[in-house]
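Each chain carries a letter (A, B, C and D) given by its place in the written order, and its residues are counted from 1.
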């Protein structure tokens, strides 16, 4: 069995999870190199898992011709530049979302993908690989709910992580870029269209700290799409019960909901609180399986030399919409695209 | 509109509720007389609702020829005698469950019903009038689950009422007579057959006080019916979440569950406990509507001169089964009927 | 017991239900008169229930000095005029929603209420009396979800009624007036504020007939309130599963949902379709109890000489918002109030 | 990283899944040899996955000294003999459930385990490794439901597989051995005790073919345990909705349910059937993850030289109970252990 040799850059909370998945969860992937500006992270990963190469400098890793592909899990501000460098150096590239932090950057990444058309590029909108989302998409494509009318997406982080959220607020880009970008991608995927008008509201309902960065702790947007379908997005940081990612697609013949109860597992507890389900506590718990499946798809695309469904343009388009929503929220106005 | 004039005996917790239903909830019923050995109860009911007649002696009420019907909500040990007296005095009779506390008594009540064949007699198995149970029965009769195989019935009182339960233990007859009698009636109704073999177990898991009365705080029975269907009954006093009456009927083509979550209303609370439904807290809350509907049915039977579906024999048969289950539990053996 | 003598005008689908409730479901109410321009409706109601007075002319009924109160269940376009006439004739008045079909009308009704300050006036926003909504409101007032942030309300009629919906489209005022007016009232009630900015979208996704009346078969609005909370409303005619009224209030400390599954009863069916709950099929089924409770409250207000919580201003304010949403939808713009 | 080299015997439906898990899903396991009496199965597995050794004779595989462990997924009747042979040949052994098909066999397996005390032996009660069951166990061990009182376990195969079930009936040992053995193990695990009295009933409600083998298509048992807790088991072949494994543990302070709705995923479908969840269709779908986790635990036990929680005695004890339940069912009597 041919194995795809992968070097990963970024070994933070999500990066280390991706590294572990590459190393152990996808049979035909091999974690050949790890890279982080934090030397200790490189050292630890190499030692724990016996990884052959370690780098603190990304460009050094790009010179390792033993590698087939680069997996980018670095801070969002570095994505586009690292994508460009890796593609131009001849590697297949997987990048975590978001594609970039400005639309201009995204356009540069598009060009890099276009001029390296023989390389596989894939973007980490992992929800599309979650078994529940995939099942929903298949049912909808089969006509189970008729023609989609409305998409509703909630993405709310647990309040238990609020300290980290506040620290991150300065560079997050705001709730629409940080949290709602996945829902924007899903809305485009399910509605099969692009947003044309956006109104957004929100505010700091519990944590005024977000206002310093022209952000809210909770925001919402209503979008009209080019095919006249609609999307309601709700994103924030105040979920008490856990990591609340809930999605609904209403169609002319039915409705599908994904994780209307964002339950942790199949356990139901009955006690003085009533009958209850406990919830997933973070995205790593909720989407553990999706991260593995998207990685497997990336590896399969390389081995089978076919393009992934998620393209660089999905990254740009989602970013454009997220920025428009941010503008609508900040200026309290209707933005037309 | 002809009104049925009713005299009620027993003004305890459930009796007073029945009295209120007669007075206000069924248009063609009139609460004409109230009777209780507790003079204050009689006085209060008369005064609050302007009831014409009040009695502290049951026999006195039976001499009031203005009445059409007697509603019996007195202690279980008095039911059969009072049924007999009321029927023989020429009244239609509604009696709360259980029919009686011994099988012999029940047989005497049967005879009284038989010799007063022109009178309406109805027994208070109110669950059969609950909209959810009725809906389930209709679906099953229409074949929605094929042929019934197994009935599962839970009837568990909230632990918050444990003090009253313990006080009542001496005269309750035990969990099978007190709590499971409704499930026994439902099992007979849904399975359309009679129990032939019963094994029962249980014990005092939290409150040893029940053992003094040869009872448990929780008991269970597995029954085989004459048509070879089966019933599992579970009854007790330890529900933390509320009044837990849950029923399941498994058939060859599907399953129906009633109140698998014994929810209080349509509210779902999402908080640090997860996603939860709060539960009904007692039988008056859970079956409020059923008590009105069964009363309406009793009144309609009188006005339309037709016999109710629930007969005196349902009372006897349920009692026979409940006693057999009690014997199986107390002697830890298999009882065949 | 003093009985409030009520004359009802309007004996259509909902009117006849109200008439029945007055006649039989509220002990201290008496249905003394019925009025409809359809003589047969008057005749039938009088005959079936033995109602003393019948009218085909509303003004004639207003001259019956035996009456205490007038219950208005006529077409929406008549509400305000009939309210004014009844109040000025010296009666207490209950009017079905909406208060009126123009804001000007509503203002006239306000004045009539103000100049008859000794009379009880109540508007039929019955959801506020639904036990689940009341329970939710009490929990929220007790702080169970912290400070409300976002209200989400769905009101979607079953597609099975689409023919009637299409016929009614010419005079309904559109989905926001017809369907969402209840959610607008609820949003104001739960968020304790008034809308200040509204964006609305929608369209004819299955039935182009609504477009002739500048309406959609489905519409949605995002509203910002004066206290910076937000509301998302979704209304339409395409629900496959039944009458879909679902409400969510997200707060800083938790979330409450009412009828997230708009279930018919406590029955769960398990068959080849999976595990499922069947749904309420229309508003009379879903809100049967609410109609009785609101009526009881109206009668109690009269008997106890106190003002209801729901005022004529609630009617005007909801109408103003509904019109603004309609304008936002029709002109595809952001409307500021 | 040290890898445990495993040879598997049995490449049927479940065997091939185990083989795939060994090959790809557990990082420190290596599928070194495959063995089946069906030469084509051996050939296919070797070819697809590049497996080094292939055997059609089990004893030949036991002579391969490169192997560390033997994984037994052969027909139940061979388990004990193959366990004995593999242990005595010096290998660690994992065996699928049931341990054996007679109690005598199980006792022989016990002796083999005892005389090879330095070897790891583990039995495939995979449910104990399912994340939901583990979560439930941890909560119960922490006291979340007080002291367990009653265990309820349903294990019902989908009717869609009835043809295979009927073919298998002759050698399955009956529903208690075939289906309920997992619930028996779970009951022992959760109740922390052994069954002492068993009554069982059941029958052929839809498929008389099972009667030829003294079995039913559906059976149920009520068991009393030594610590006076109780278990109700229900097993069969007639589930319309999918693979119905549902478990409930009622305690003195609360209740825990696992898979009360045996849902396939987090998708909820709303259509003319109401609001519904589709269900898992077979044990491979429901317990996919558990099979991987139990394998990982077996490998970890070998690498860390520690004994698994599940012992050979769990196999014998479950078998003893399953046989007693079978006897109770076949002879329609109460069996005491």
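We take it that contacts are C-beta pairs under 8 Å (C-beta built on N, C-alpha and C of every residue); 3 or more make two chains touch, one makes a residue touch a chain.
Labels paired with UniProt names: A, B, C, D = Myo-inositol 2-dehydrogenase / D-chiro-inositol 1-dehydrogenase.
Everything numeric here is computed off the predicted structure, so don't read it as measured data.
Chain pair A-C has a twin interface among A-B, B-D or A-D; that twin, with over half of the contact pairs alike by residue number, is B-D.
When you average the Cα atoms of each chain and compare centres, the chain farthest from chain D turns out to be C. Centre-to-centre, using mean CA coordinates, chain B is 38 Å away from chain C.
With centres set at the average Cα position, the gap from chain C to chain D is 56 Å. Remark: chain B and chain D have CA centroids separated by 42 Å (rounded to whole angstrom).
Across the assembly, chain A contributes residues 240-241, 253-255, 260, 262-264, 269-272 that each touch 2 or more other chains. Listing the residues of chain D that touch chain B in their complex gives 146-147, 149-150, 197, 199-203, 205-206, 218, 220-222, 224, 228, 230, 232, 234, 238, 240-241, 250, 252-255, 260, 332-334. Put simply, chain A touches chain B in their complex at residues 240-242, 261-264, 269-279.
Taken together, the chain D residues at the contact with chain A in this complex read 1, 23-25, 27, 49-50, 131-132, 135-136, 139, 144-145, 253-260, 262-272.
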